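A single structure is presented below for examination.
Each chain carries a letter (A, B and C) given by its place in the written order, and its residues are counted from 1.
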């Protein structure tokens, strides 16, 4: 297996004019990282062909991949921001001020004393281990957990599972990964998938051989692989016929980003009878634009299941989807979003039915606290000549304060009289009667509210692996603090 | 000395006076029943004492162990030892009975003190056994999808766990068939003790066959118009509420 | 008038400067403010672009078929223009327009006149009731995508009705307005303005028809409903344009404190029909009931866009749009509920039900919510499905032929909306129109 680091080669970096990250209108202090300039591995700020050349050279990529990146760059420049349907907040991203690649030797430097108090307090309350806190806060360059990682890798590699980062995977197993790379989410799918395709780095590439059922969830957060938390990670999971895997991404602790823009692309391919479950817990720092494209392709009788939980970031736009291409394929999205002051969680799901008897199920719950705004966008598409397709969507929004906001924008197209689609959405608040009932049992109003909110998302949280669901509940409690009274 | 004192209490709901001067003292170990026709302010009295935000107390006083309850939030009143068994218990979707009660018990501990989980479950299961409630009950969401009888049993279980000094039981018999009524009454009788005062609110005498009160008060148009012992309930049952009305007119 | 100039720009189509100038010249007897309004609207029409693919307000619509070529402002219609499907029932008063001109009048009974009810053509009202008209005419514009076509309407509109019901006056029988269009490519611009004064009660029924069921007509209509505090306004419209027609209809409904408006729109005809409806709940206790029924056949496209604006606390609205789709027909429902930060205690519901009856029909649903107050009850639902096989079997098992059974079940589906109409005669008139459509 190759090393996770891909920094053997040191080409000349393109000129850098400004090393500070800056996004208009956002609290700059939060992203205030300084960089040690003596590292030569610096792609600088801004995005040109040179940046892409640089990344491709560092990674010693094959010519086809370099060309793939260059085409993507063109698509990125050509595409307008999708502000005809999305928030104009996107216009506040200054693409020239962003650092598109940081080699692993070069990480931001700051001391523990510079970490904001509220973040330290949150680590404390969540019980994040000391060592991890420093990594999360961006104080420490890397969290060394190679041991844990190799252990998992060893176990699964015995089953023939390939689990590598994007660079290594495309270099060592082009035969397996190139076939599907960029096929589920074409480069030009949207402006941000194009951006990712041009500058991606890190992420996980996984191949599960036919019939193999990976018993342990594969995890890709800092405890395993530092680079997975990169800005532009790229993930591709291929489950061969009859195989199964669960993949977990992120963690509940707030993550300090070295950049204000995070734009990942995640592609899943479930071949006949395969089952992929992809779990995300997103808790980026409140200055991050998190613009992610996630889509799975399900062949005959295959299942793609996204469990997606968004708590952090300034703006998240993410609509995990499934293209149900084989008969009886199934797509599922379970989504939880919590939007607090200054946050906009613009999340949802896309289900494209492309074969008979395919089914999809979307359950989305959002909570808006303070001036937070949560938005659900959904797409369900059943084209003509299909039969026996069913789709169900339920989305419920909970508004905590008088100035909280929620939007729901589903789009459903159904053709033909042999399919059925249902969509239901509701907006409510926690009823005063329920709060009184709990208060009359001795709980404070705040405790009662937290309990009610946890109850609201409980049926979804239960579907998360144990350690996540416990942390999630604690996190929701933390977020709810100070929202009443 | 521990007691619940209601002094000349007047209560408004949406600008309209419902309770028009009630004075009543409940001592530990006593069971008081308040009876009366619908709409005379029985439930209003219970909810106002528990601190429901819809009700405004315009004058009077409610003291628990000499401390005024009226300035307290509903949860403070509960932690001070008051328990309201609801006529229509609210559903709390997604929150299991076990977690709910655990949070309520935790709220009664001093800051920094952690509830002992093992001890808690031991206690919970013991109470459930004594009330003949299946242990599986704990993993169901509070009152969600419960039958009328299950809701009331859930109320009694909470009462058993939270061990209040005074319980206000609002129409505990409503929505119960005779079997369920018997089970719930058995539960309440199990909890009767020399340290617990109970104010039992009911429309029908039948509940009092199972929970025998020490005192019976008849409420009409926001006032207590007669007080007596358990025989008063029987007299009322025999003569009907119209008898009370006539009495009022004559008075 | 019959030959079209070759230099039509795609954005004005047949409706050239020349057409406008001639139309305006015939209106010289009308007040200056009225003519100014028209000039302004004409400039707007020319300046506004045609809908574009990226316009969210036109999502899913076949915008390539919105061409404005081949239409004419028609000459006076022939003397006999009473299509067979014209409704027959008791009305308090009526106005019938054909080809943009008044054709027939059933005057108000004297007692209603005495009570101050005004029911006039819009041009007459511009002269006689200028102040009233000025205050309410397009006072609360609808901005759901058809602004260009509404501007065209305002510039070229000559036929329309003003109904004013003074405070406290109740009309037992409905007011009926009919617009008929005759001739190939004939274009009409119907306008209706209803003002229900405080605590007034009135029902208005409007019918839009092509003389030739196969005609390719054009219509851009506007109806504005204004319900003053405590009033009850029921509005019903049914369109059965010729099968080649292109039509736009925009509705603005303003509901003040404790007023209640029920509107029911039945869509049957046309090649491509777009309906936009905006209810503004402006005072506490206001309620708007928004209903629609569509039967889509052949390659018909029905495009419905709605907005429920809750601008005051304690307001409620309830929307139910049902579409039955046959053949290769297509429907679009796009609705939005907006709850303002101040509109606490809002109770809003929105529901779109599509019944697909063929393998080629296409139903699009875009139900939306934008909620900025927390103490609200807002829900929406959208379903697209087919006839329940079990139900079908049950009917067939009773000896009912398949086709009849299907029709019965479709009627059952539509009945839920129809039965909200209290007026029995209107109810059966509508049912008759729908039945006729199935007979074809």
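Rule of thumb we're sticking to: a residue touches a chain if its C-beta (ideal position, glycine included) is under 8 Å from a C-beta of that chain, and two chains touch if they have at least 3 such contacts.
Since this is a predicted model, take the numbers as computed values, not measurements.
Undergrad: What is the chain whose Cα centre is as far as it gets from that of chain C?
TA: It is B.
Undergrad: If you tally C-beta pairs in contact for every chain pair, which pair wins? Let me know.
TA: Summing C-beta contacts for every pairing gives the maximum at A-C.
Undergrad: Quick one: chain B and chain C, Cα centre-to-centre, how many Å?
TA: The separation of the two C-alpha centroids amounts to 57 Å.
Undergrad: How many angstrom between the C-alpha centroids of chain B and chain A?
TA: That gives a centre separation of 50 Å.
Undergrad: Using the average of all C-alpha atoms in each chain as its centre, how far is it in Å between chain A and chain C?
TA: Taking the average C-alpha coordinate of chain A and of chain C, the gap between them is 45 Å.
Undergrad: Sort out for me which residues of chain A touch chain C in the complex.
TA: Spelled out, the residues of chain A in touch with chain C are 84-85, 384-385, 397, 399-429.
Undergrad: List the residues on chain B that touch chain A in their complex, please.
TA: 50-53, 73-75, 77-79, 82-84, 86, 89-95, 99-100, 103-104, 107-108, 141, 158, 162
Undergrad: Quick one: which bits of chain A touch chain B in the complex? Just the residue numbers, please.
TA: Chain A residues touching chain B: 431-434, 436-445, 447-448, 451-452, 454-459.
Undergrad: Flag every residue of chain C that touches chain A in the complex, lowest number first.
TA: It comes out as residues 54-56, 59-60, 341, 344, 354, 356-387.
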